[in-house]
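Got some structures for you, see below.
Look at the two complexes coming up: subunit A is in both, with subunit B in one and subunit C in the other.
This part shows the complex of A and B:
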């Protein structure tokens, strides 16, 4: 198993055949798809495709369990924001009036549309994080010639966050080893106690930052590259080669995006009027 | 004669990490009252994983860890930590509070003890580790590493566990601090009735303090026995990429002259030298 940014993927996973740049390109472009698609069912199809890609990549799908409560909570927040807290709109179609709170069809519909847009975006991000290692992100950034300074700072942030996560696990165990047990306790209690994690994590991060800086300075590292007076070598890129099928995948993703844009703006596709799900809901709720 | 009841019984223990690493394989082990044990082995041999299984931080993938009458699989962490304490390698990972008093009181408060008992336990633990009262209101992060280690141990002692596991107690300490910590652990073992388990790569420390050694490699127990006996098994130790202390190696090389290959300390070597010299003088 290889540890990725968000879980584990077997060493034999076919995802390792794909160049890191393709994965980053997939994240950046595919997460834009839902912005141009209003139909909830089309966005749900994108999400299903991403889940299938995760299966193909042999990602342990149990990792998704941690997102279920987040997805549910987010759904409720969006629904309440659009309906109960949506305000008064005489121009909209009133579905119900519950204790003075007006529920409009258009607001409910918009809430569902927004929620179904966010879900595939999150799925794309989870797909990227569960299949990419720290180094993949750096390689992808350097492949598209993002300035060294930006990549460097980003790499340090990734490295630091990885260490913080490892420290978090140890700190959690250290708290448990001293009888800290949140089973059956209230949410307020848990939040209050979890804040305590921040103290050792913060102190360790400060000490690490100083060690990082000293270690880099001790090896003549400088952002400007002036210390060595030579062009900086991207050794990390030599481990990867961009193959023909990587190019084909990038082309396919780009074509798909252009097709979506063409359908959306040229043929008014993915509109709510043509959404069977929305029409069905309207028939039920009206 | 009655057979003593083990404090901990580990039966066919297997542990697998989420990434699929099989860290422990068919471990069988018994730990008794009064023991001072060292877990040795190269990095990744399973020492720390085994220790975390002993106090319930890790639940076995298969097999059982039974502490007195508790099975770690079915017991809560609160029940387990009252019996088995675990001191982490880096004290910074386990200091959460803004002063040493609250730090030591954290465990007893977690297990819902009344405040008078918390006070009593904090004072007792601080006294045992030799933490002067003037440090009670200090922030633990501003203490020296040696003192932070003491606060970390005191915070576990306050839970009054029968068994205390100390992960790498001498890492990052100079020789004087290392011996201070080890003397303190020996005192806990001999005078306060605690079973001590240390995880270490420091063979002279093992030779000087541990009475039993469990040598591990690739998730299995390779050797388990009295320290001198384990150190005699040089071929087996080579598998763990560890060497016995130099004095033991010297005794093993000159064992043909009558030296015990299980010699652990310089004092013992000198005593043997004097005895052998006396015998030789008498023969002449």
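This part shows the complex of A and C:
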């Protein structure tokens, strides 16, 4: 198995045939699709397609289990925000009045629409993270000529975030070993005592910064001066080649996006009026 | 004899510290020699290593007296990146020196910084991964491998830049004995290749067989500087400065103290065994 940003993918997965740029392009463009599609069922189809792509990539779908509670909680928050906390709207159609709380059809419908838009966006991101390694992100960025410094800082930010989490665990375990533990304590207590973790973590981060700077200097890297002007060979890119099918995939994603835009603005497609799911719900609830 | 490194009357005091970290250091290191630097914690070993690599005074603020020259040129006079092409540095904490997301990228990073061509990078990568036995780890993130492998990656990353001098600052301090041995196996190969290597190390069992010369630093000063065989004949001084000699050497030293042995102290277990066989 190869470790990705968010899980593991078997070494023989077909996803490795795809150039990292195509994956990044897929993430950036396909996650825009739901913005132009109002029909929930169309967005759910996008989500299903992404799940099929994950299956094709041989991603261990058990990783998705951690997102189920998040997805449910997010659904409830959106639904409550649009209905119970949605305010008074005399211009909307009232479905129910529970103890003075007015539930309007339009607000309920909009909540469902928003939720169904967010789900495929998240699925696209999860697909990208479960099939890409840090290196893929860097290669994707460098292959479109983003300056080395930008991609390097991005890569180091990715790495640093992991290191900070590791350091946090170390600090916490060290403090637990000395009898300081917030387990089982109230949230207020935890927040007050959080500084006990933050101070050593901050000191550790400063030390790591110094060590990392020394390592960069020792490897001959410089942000300014003559050494910064050296033409880099970009060896990493030699492992990847942008093949014909990568170009076709990029073209297909682009065409699909244009088609969605054309259908949306030229033919008023994906509208709520023509949504069987929304019409069916309306029939049931009114 | 060509002196690759010449340190004369050198003192360094970090800013806002009450005393000098290094005092009046005089040290000349010849090309192709293998030098071991030992000393108790706080003796100034890392400061000396940083001074030879230009990290001091480049990255640290403080007061400097005297000169530190590499190939006859003061370290500050080298443009950024140029000195590092000549002097490679491996730090004690391998994880702290990783600058890339995979072992392969880590090994290539320094070479790219030096502006090497793709074919040159490929060639050196092939050589260094074979030397350090890292080929099977190339696609792994460097922070997910074992401690010994991490240190070999750090060593390989510097070796790939083919510096004229390689300085290792306690490279095995975080390693188990097996991993320690593997790092020293790589250093053995470098010694055979006539590379100039300076190792700051506490693990004397591994260092002694390789070192041509040893330097003892104590309280920021050079307390002893001699050829390895001669160096360990001053065991009284070494013990006084908190150095713990290898067991075999210690055993013969105790015999000597009790007037049971009068010869030279053996440096290694093999030498001790040979002495005992001779005595039997």
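Here, the second predicted complex is superposed on the first by the 233 of 286 C-alpha atoms of A that agree within 3 Å, B and C clash if a C-alpha of one lies under 4 Å from a C-alpha of the other, contacts with A are read in each partner's own complex, and residues count from 1 in each chain.
The rule is simple: contacts are C-beta pairs under 8 Å (C-beta built on N, C-alpha and C of every residue); 3 or more make two chains touch, one makes a residue touch a chain.
If you're wondering where the values come from, they're calculated on a predicted model, not measured in any experiment.
Looking at the shared chain after the overlay, A:3 reaches both subunit B and subunit C.
In the superposition on chain A, A:80 makes contact with neither subunit B nor subunit C. Once the two complexes are overlaid on the shared chain, A:176 sits against subunit B while remaining clear of subunit C.
Of the two partner chains placed by the overlay, only subunit B lies in contact with A:196; subunit C stays clear of it.
Once chain A of one complex is fitted onto chain A of the other, the partner contacts of A:214 are limited to subunit C, with no touch recorded for subunit B. Of the two partner chains placed by superposition, only subunit C is touched by A:158; subunit B is not. If you count the residues of subunit A touched by subunit B and by subunit C, you find the higher number for C. Within the superposed three-chain model, A:238 lies in touch with subunit C and out of touch with subunit B [touch as defined at top]. Within the superposed three-chain model, A:204 lies in touch with subunit B and out of touch with subunit C [touch as defined at top].
Within subunit A, the residues touching subunit B in one complex and subunit C in the other are 3. Looking at the complex, you find that subunit C touches subunit A at residues 50, 53-55, 58-59, 79-82, 84-85, 88-89, 91, 93, 96-102, 104-105, 108-118, 121-122, 125, 139, 141, 143-144, 157-158, 161. Residues 18-21, 52, 55, 57, 76-78, 81-82, 85-86, 88, 90, 92-98, 106-107, 110-111, 141, 155-156, 159 of subunit B are the ones touching subunit A in the complex.
Within the complex formed with subunit B, the residues of subunit A that make contact are 1, 3, 8, 10, 60, 167, 170-171, 173-181, 183, 196-197, 199-200, 203-204, 207.
Remark: subunit A residues 2-3, 133-135, 138, 155-156, 158-159, 162-163, 208, 210-222, 224-227, 230-236, 238 touch subunit C in the complex.
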